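Before any comments, here is the structure.
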Amino acid sequence: MAYNLLKGKKGIIFGALNENSIAWKVAEKAYEEGGRFILSNAPVALRMGNIQELANACETEVIAADATNVNDLENLFKHSMEKLDGKIDFILHSIGMSHNVRKGLPYDKLDYHNYMKTIDISSMSFHKVLQTARDLDAINEWGSVVALTYVAAQRTLYGYNDMADAKAMLESIARSFGYIYGRDKKIRVNTISQSPTPTTAGSGVRGFDSLLDFTERMSPLGNATASECADYCISLFSDLTKKVTMQNLFHDGGFSSMGMSYRAITQYNKSFEDCND
Amino acid sequence: MAYNLLKGKKGIIFGALNENSIAWKVAEKAYEEGGRFILSNAPVALRMGNIQELANACETEVIAADATNVNDLENLFKHSMEKLDGKIDFILHSIGMSHNVRKGLPYDKLDYHNYMKTIDISSMSFHKVLQTARDLDAINEWGSVVALTYVAAQRTLYGYNDMADAKAMLESIARSFGYIYGRDKKIRVNTISQSPTPTTAGSGVRGFDSLLDFTERMSPLGNATASECADYCISLFSDLTKKVTMQNLFHDGGFSSMGMSYRAITQYNKSFEDCND
Amino acid sequence: MAYNLLKGKKGIIFGALNENSIAWKVAEKAYEEGGRFILSNAPVALRMGNIQELANACETEVIAADATNVNDLENLFKHSMEKLDGKIDFILHSIGMSHNVRKGLPYDKLDYHNYMKTIDISSMSFHKVLQTARDLDAINEWGSVVALTYVAAQRTLYGYNDMADAKAMLESIARSFGYIYGRDKKIRVNTISQSPTPTTAGSGVRGFDSLLDFTERMSPLGNATASECADYCISLFSDLTKKVTMQNLFHDGGFSSMGMSYRAITQYNKSFEDCND
Amino acid sequence: MAYNLLKGKKGIIFGALNENSIAWKVAEKAYEEGGRFILSNAPVALRMGNIQELANACETEVIAADATNVNDLENLFKHSMEKLDGKIDFILHSIGMSHNVRKGLPYDKLDYHNYMKTIDISSMSFHKVLQTARDLDAINEWGSVVALTYVAAQRTLYGYNDMADAKAMLESIARSFGYIYGRDKKIRVNTISQSPTPTTAGSGVRGFDSLLDFTERMSPLGNATASECADYCISLFSDLTKKVTMQNLFHDGGFSSMGMSYRAITQYNKSFEDCND
């Protein structure tokens, strides 16, 4: 069901890889809601996924950009404004990667070159997107920018590793730049802290399946899906949320406000059962 | 502009008094968005305002209920389900009052009878609304309940007095009941923490005008208006936010994430200027 | 080992019942650290425990006071200042009780009379202690007031029931009164959010043992004990923490900042093991 | 007045520059409290300040180390353990610097090379200290590590610039590493979020004097001084706080829990006075 919430709005969506990606779902919903947008991802990611399919379905195109590279971003914004025939109204940043996680280096054995890359890709890229947009005056007044994050920015989860620090920094960038962009251009900047989601990116984290089960039982509404996250993004891109800015918004079925649920503790208690009983 | 976001949805809106009320704006927007609902307020409030006008404009009616009285609430839910021909999908709780504030008793000279009344009216009434709805099984699955709150629940503001404690408790009730109602019925419960708003209720607080000016300058997007708050409520009642629950959501132009803005400190600095310069 | 941190300081300690009580441990440590103080508890609690033993060991006495009764509190402060020969420097508030919990009424079937009593005993009593002290000018400049709370004020735990709302309100009172008492008298007011602790009060909560096991495995340092909590209280009563006020301080071995630990998820995973493997 | 709280404890204190530095005060107090420690700072900082004076007063020595350089840190830990004849019990990290701030580049015109340096110096250095200590098994069980941070990590302050993001990341590192070091070695890691303090580092921030005045009036106990911060550090290094870990602890006279004080709003209101009145 569509509401025309993004009718007349123009956007850029970073990070769609395949049909499991949250960014992919956001693109589909944004299209349904009347938005027009450019898809972007890193050249290496474009080779792995099938984003062109998505572009076809959404009647748009893909512009490759390494989001850690300011020149690439400038090119992306300029071409996007040309193709879309005007400034941008909404942006989704769904970018994150840790070589330390990929290589199985635990948090007390980090490779510092990798750590810097984690920060550059997962946090600073967001600043680069915003600063480039600001330089080019590429976003309309009352535009809306959303980046995806995770509760590990507030609470340590075994295995999430240096991505926790990256997400904490990402959320800080949303506040810091949200102040400036809000004050000067009425543009809002927020992060959505999403349930663990079985995407290609998420599933790299150690012990991910157990965690999914635990958070499912802890969250009164269960884990939020990629598709539901896309709905939430649409609401934040729409004109219904014009005064929401500099916020980290949990979209997690209630997990972040839970200490212990009946369902999770009941399951936990089973771990003590004696098989000989 | 309307999107039909509440088409087919049925609601109850507590707390509309006059056209400055946030609840009043929520009713107007909910009507535009295709929702049908019952208006309710305390008998004493009904005598003060002109809510019948609003009821006419929204093609609905008013059912008086003292929200601290469980019998009144039972009656309200039963009649609402009859009139609306089905269970409820959305509820707005916009209720709060402190006799200590009204009588100018400062926080270190509270009258404890008044303090209890503040809690009963401003916090427990929310529990009573939820428990009554639960007893009567009056809310549909994936229904959405919103209560209005204020940042004083997290940070002390001169003059807000015992309402700060009431709002802290209100937000806790949203979490506590949100867990149960989410787990058992997929119903979400959230609070919106709104900018100071020049309503009849808000303007009772001491030094309110100065505060409004300060928060306007501190908030990168300026204070959020009652009408904008209504838009945000609509997004939370809609199907776009189904997995958001147990959250306190700041709708304040960024104020809650600000430490100091250029505009506010510049104004502040003027206070030190010497008139003889 | 003692440091003389409270040498010359005078206090009132509420809530010691028996040797498992946190307040009991605080009294023992405060005595070791050179503090002199009065013990107080409700008349009904005095009949249950063996607080007179503690009083003997600490060379002090017990003054009965129902902390919901302002007259009792006035009497307590007046007599304490007489016995201690001067104003008070530190206060511990360790008071909480829910008849709803005791009677097994779940959070969606609360008795509202009990709910009010929970709030009066567990939250408002703290305001009454502070307001009475303020009226009588009973606390010295740079005095320190601490109340005990629990993470349920931020995150819902199955079974903690209406005590969660009471603790949220308690923490708000610490901020609200902390502002006034700090501004006017340099007195600080804080709450300590303690690990679940096997005291007489704690053990009434449903599923308490499972919870203890879970939080033990989640917390990198394990659950904090009553004795360790007493050490922390001493640091907050001492002159080392003069500028800490209006804070909720977690003393929980790290639990509040954990999303998932290796030890807890490993135990959780055992719940899925098939006994026939 | 001293209590012998650090008797027998050995430490490393990073970041003392001159007698205004918080780290300088921490060294003085740690010495008074019976602690023995090594002072460390970057070679360039050593040339600017007079840290040798401090070393003399504390009967210790200075070991130069660039905290972004793992080799330097290894050398520092090894030599410290030699000189102190044993493993370390407490560490203070008081390190931060932004070339963007120094060069007056605003947050929407950041130089990305500088930004990386800000992160490396102000955030990653803390990880490097911890990881190096972990590799060398250089900290005793129940050791305590503290890093200094600022409320800008949670709320945007005009002029604090990219240091806000660095502090957010620093606090995340305290949690992430605190989990591992707590679980494996019972070592606690916390941050203290200190009032703005007129040190050499702090005074580089734009509009710092106005901010100091504002926070002084907002905080019920006034701004916390460097010396008071040192007292708080001692309490966190002592055995009184053994179960406090992964926390960000505000030491700010109450500022972080204030929305608006009477004193600040009264001053603010003066800015609107007409000189001709």
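All chains are identified by letter, namely A, B, C and D, in their written order; residue positions are counted from 1 within each chain.
In this text, contacts are C-beta pairs under 8 Å (C-beta built on N, C-alpha and C of every residue); 3 or more make two chains touch, one makes a residue touch a chain.
It should be emphasised that the depicted structure is a prediction, and the values quoted were computed from it without experimental measurement.
Compared with chain A, the chain whose C-alpha mean position is the greatest distance off is C. Where chain B touches chain D, the two copies mostly use the same residue numbers: shared numbers make up over half of all numbers in play. Ranking C-D and A-C by contacting C-beta pairs places C-D first. Separation between the centroids of chain C and chain D, computed from CA atoms only, is 30 Å. As a whole-number value, the distance joining the C-alpha centres of chain A and chain C reads 40 Å.
Those residues of chain A in touch with two or more other chains are numbered 155-156, 158, 175, 178-181, 246, 257-258, 261-262.
Of all the residues in chain B, the ones that touch chain D in their complex are 151-152, 154-158, 160, 207, 210-211, 213-214, 256-262, 265, 267-273, 275. Residues 1, 3-5, 175, 178-183, 186, 188, 195, 219-222, 224-225, 228-229, 231-232, 234-235, 238-247, 249-254, 256-258, 261-263 of chain C touch chain D in their complex. Looking at the complex, you find that chain B touches chain C at residues 70, 106-110, 112, 115-116, 119-120, 123-124, 127-128, 130-131, 134, 153, 155-156, 158, 161-162, 164-165, 167-169, 171-173, 175-181, 246.
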